[in-house]
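Naming follows writing order (A, B, C and D), and every chain is counted from residue 1.
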Amino acid sequence: MKLYEYLAKQMFAEHGVPTGNGIVCTTPEEVEEAARKIGPCAVKAQVLVGGRGKAGGIKLADTPEEARARAEEILGMNLKGYIVDKVLVDPQIKIEKEYYVSITLDGMAKKPLIMASAYGGVEIESVPHDKIVFEHVDIATGLMPFQAREIARKIGLTGDLADQFTKILVGLYRAFRKYDAELVEINPLALTDNGTRLIAADGRFNVEDDALFRHPEFPRVEEGTELEKKVRAIGLAFVQLDGDIAVMANGAGMAMGTLDTLAYYGGRPANFLDAGGGSGVEPTAQAFDALLGTRPKAIFVNIFGGITRCDLVAEAIVQVKKAKGIDVPLVVRMVGTNDVRGREILAEAGIQAYTDMGEAAKAAVEAAYGKGA
Amino acid sequence: MAVIIDRNTRVIVQGITGSQGQFHTGQMLAFGTNIVGGVNFRKAGQEVHGVPVFATVHEAVEKTGANASVMFVPAPGVKDAAFEAIHAGIKVLVLIPEHVPTQETMEIMAYAERHGVRVIGPNTFGIISPGEKVKMGIMPNHIYKPGPVGIVARSGTLSYEIAYNLSNSGLGQTTVIGMGGDRVIGTNFVDALELFNADPATEAIVMVGEIGGIQEELAAEYIKEHVRKPVVAYLAGKSAPPGKRMGHAGAIIEGNRGTYESKVEALTAAGVKVAALPWEIPDLVRDALK
Amino acid sequence: MKLYEYLAKQMFAEHGVPTGNGIVCTTPEEVEEAARKIGPCAVKAQVLVGGRGKAGGIKLADTPEEARARAEEILGMNLKGYIVDKVLVDPQIKIEKEYYVSITLDGMAKKPLIMASAYGGVEIESVPHDKIVFEHVDIATGLMPFQAREIARKIGLTGDLADQFTKILVGLYRAFRKYDAELVEINPLALTDNGTRLIAADGRFNVEDDALFRHPEFPRVEEGTELEKKVRAIGLAFVQLDGDIAVMANGAGMAMGTLDTLAYYGGRPANFLDAGGGSGVEPTAQAFDALLGTRPKAIFVNIFGGITRCDLVAEAIVQVKKAKGIDVPLVVRMVGTNDVRGREILAEAGIQAYTDMGEAAKAAVEAAYGKGA
Amino acid sequence: MAVIIDRNTRVIVQGITGSQGQFHTGQMLAFGTNIVGGVNFRKAGQEVHGVPVFATVHEAVEKTGANASVMFVPAPGVKDAAFEAIHAGIKVLVLIPEHVPTQETMEIMAYAERHGVRVIGPNTFGIISPGEKVKMGIMPNHIYKPGPVGIVARSGTLSYEIAYNLSNSGLGQTTVIGMGGDRVIGTNFVDALELFNADPATEAIVMVGEIGGIQEELAAEYIKEHVRKPVVAYLAGKSAPPGKRMGHAGAIIEGNRGTYESKVEALTAAGVKVAALPWEIPDLVRDALK
């Protein structure tokens, strides 16, 4: 889960990483008040989309009145689908040079990875590899000052600035660990005050979803479409796609394989849905009902029963059929645990189930677009 | 023959008294697994399917000589339980649970490495060696048969589909390894390839991969350098759009990393036949074994 | 440095270890007030000596008035040389069983060592080895709950009490690490409330001297005689002994060897003093002056110059001689770095220096007690 | 011949720019030590006695191929500096500073062990191999001579006294190791005995011990089992009362642990001659070598 910029900076400050000490506001009046304290400022929309600046979500103001006017423009605006309800009022700073530093989870090395560069201020993907310092952290030991100092050296910092960088990076790592982050990034890490001080001018802080249970302090920000939020609330992995055949499968790999198979036969999948291993009748029925609500051209259910019991999936489908009816073509493929009973339950409700995945996928494509489509 | 676990493996079940733990202990016993104990501090002294429950892993190891553990504890308890197993001398650790925070998985991996422990998972269906009548995991018992194929897979159900197709075609398995769908996992493709390559009973290797990460690309490099047995692969996620996480934490195309095309290209260049559809795997294996 | 019981318990409570929630008081009035809140209580003198109870430093009281009376007896009393200026008012508890748990530094294993026993309430040295559980902690990993649980099992705790013990021990270890302790001990860890609750009824908490610089929060408690405090304040290792030949040597081993050599020849050393490696003239002079102030029968200075420069030691001695005179027999042995110059400086001031340690030691004994003593 | 360090050892000095660091760098160079660099972040680019100062140990190792470090940083900085040296690949680490918090020393030792690094100290005078013209430490240069005796000592000045007496009697040294006076130290008697026992040039071993701890008792056990060369010892603290810490953190008799008598008894039982006075050591060594 991504944190808003103002929260990210709050986490930074909490761990000794200097920021502009900006003020978060929800009304133009508050912004005017804040600007009075701060002086010439930037009014920044707090939304979790990239390219805020270009989209008009960041505006400069030299006086409190100007700041208020800019806030009136920004607050309530629709920024790439998100309504702005908070702005961060940051001081305008004169930047001498922009550095970059981040900590991420390196899956292959199984270690946190620090990236740092003297070429900050742009997306790190656009910086040449040889201009980036890569350093893994031994997670059992943690990040010690010496390693931060060594990184400082490699990006060309000396003297007092190297000390500042060391403190910033060690603090950033503590925040990364304490809040189970999957990404913390300071970009730009700005050199200001005539080259004497480093501050986090902008930052990102993504907390890992699987660790959120430990961090009730963060306001929940859910990303995704309304339908995605609805199905994910059931506890299932769901991604909306732009096709028209709704898909339900059990297991992430199987769900992906099902989409690929449909596509192979000319189908256009409407979604990725991992109906889970060992889910009960109720969540499966809810998920199925949600798919039905999108009015697809067909629904394809592909179950290889392992922990998932085919009979329960069949019951869930039949439950929805009885409650609301199923008015789009439905193709079910079912093998594995309790598959005979599952197919029986479906047959009793007038639904024929396949056992062969290829045949079933072809049938789903035909059901959606007609024969020879 | 098999890799990692065989008929002599002495297995304990951490979290044996939960509903998942109880159910799968029954399934593992039915498959023939030598389950010597279970662990739950509060329920020590009880039995589950006739298996004694111990208070701690240390007690279980002391009293049974266990050397492997399969874990069914809730995600927030996995780190402590994994460290306990490693500290107590367990040498094969199968982590079934999903949703383990990645930083904790990293800690587990570092500790396991220091103590020479093989970890499978987390977020895995486990490992099974049909000819040895042993499994540590949640896969269905009936779809596997003893035979010459080693399988290593990132996802569960998709590998079931493929194992089922192989078994139905008369191609049984030495061992099937579930790598797990998380971003950080213990045993990966390269580790599994190394084991299968060295296992005399394994004649062909099937990889079940997916989009995201660079595991398949690294496997391709390893195959080119070291593997002299035929390798066949199926990769899921060809039709997935970039930037969307397809269920597994690791199954996401970020920037232009982890794409289907890059994986197919790397594997093909290493001489691996990549199937377009899951059920093409048996024929590709059969051809390769000729 | 040892912490007072009340501070030790404060550290415990801060880390989730339950205590009696006693109240620390400095006047009988405060004690009466505290007893009113607490009910039947124990009034406990806060001094860092063993056997407080037997010496009359711990008294029970059933009413606030009684508590006040007991406090009047205890506050201001002289307990083995220490004037009591604080008491801890703890609730009287009914103890079902006494456990023991501690964490120390095991020098040989190079790891923290946990000791736990179901036979608490007495000094751990008196508990048979096979009734104590010994467990080392991997300092890079820390104490994890599983290990505490395993210890709970080994001392016979089950169910909820084992969970309590686990929480207590994990908290104790965190306190041990956070405050650079060399010993934390809960003895007894009391089973109360009809066998449903474990609390720390008494405790010890010793912070390592070398780490005190990190912990300005603790009130400094200096142990030792007035002379010891005075010489240690110069920054030198000093121990007062019960003999009459004052000794100054450089290096701890050399100082010990010097004492042993004097004793070998029949001398009775008055002190251990490691005059340090590389100390300047001033501290050496101060230390020498302090020795002189104890009116010994002789002073023996034994210097093997390594980092220590013999000329500086000689200067320090001469400085004291010039300022105050030296009116006890002085024997100096001096070899090593700048020893020729050192002996010259001494000779100019009328002091003869030896080069052979054995001869010098014999001379010092003779100087103290006369020939043939 | 010598143990641990020899003429090929490539030494850096951490904290080279402090007054101690500067002074002893001069002394070590004068003795012949191959000092290839020093470290101080703020003073990188400068020189001390002609030795280049680098910003970090990594930089020093990268540019000089250093494999050993002797440390002169203040106690609060020792942990970070020691981890830095180990992380950068240094294999012999001599920790001169005293007053390092024990828990930090424990952390250093655990990290060193994981990386196969030999640590000497903390709170040590260092190590010197006279015949190899190399020293890493603060001992006076002039008292040592090349020869057949290995010395391992808990205390500095006392060992100087003994080395001086040995040299004056014509008995030079292979290597002299200062264990350090702290409660937790890297290389101890047993480690040193093992090295000297295996070193062909060392014909006799001198232990300089003291009261406190059980290092000498463990050494006695080791000698009985493994050492076939003569061992001679001097132990300080015979006249020390119990419960008083005699300067060194480790030099204290606690309860009835660490007494002079127990150490003498253990060593004597292992065939070690224990001298009553320091200057008896040369004669005992000479007798033993006959």
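One rule holds in what follows: contacts are C-beta pairs under 8 Å (C-beta built on N, C-alpha and C of every residue); 3 or more make two chains touch, one makes a residue touch a chain.
Here the structure is a predicted model, which is why all the values come from computation and not from measurement.
Common neighbours of chain A and chain D under the contact definition above: C. Centroid distances built from C-alpha atoms place A farthest away from chain D. Each chain gets one centre point, the mean of its Cα atoms, and the points for chain A and chain B are 27 Å apart.
Computed centre separation for the pair chain B/chain D is 49 angstrom, with centres defined by C-alpha atoms. The geometric centre of chain B is 55 Å away from that of chain C, both derived from CA atoms.
Residues of chain A in contact with two or more other chains: 140-141.
The set of chain D residues touching two or more other chains comprises 111, 114.
Taken pairwise by the contact criterion, the protein chains fit none of the simple patterns, being neither a path, a ring, a star nor fully connected.
Pairs of chains that satisfy the touch definition comprise A-B, A-C, A-D, B-C, C-D. Against chain B, in their complex, chain A makes its touches with residues 105, 107-108, 110-112, 125, 138-140, 177, 180, 182, 208, 210-211, 213-214, 237, 239, 241, 249-257, 259-264, 269, 272, 274, 277-278, 304-308, 335-337, 357-358.
Of all the residues in chain C, the ones that touch chain B in their complex are 141, 144-147, 149-150, 153, 158-159, 162. The part of chain D that touches chain C in the complex is made up of residues 20, 75-76, 99-103, 105-107, 109-111, 114, 125, 138-140, 143, 153-161, 164, 181, 183-184, 208, 210-211, 213-215, 218, 234, 236-241, 244-251, 255, 276-279.
Of all residues in chain A, those touching chain C in their complex are 140-141. Put simply, chain B touches chain C in their complex at residues 41-42, 44, 55-59, 79-81, 83-84, 87, 111.
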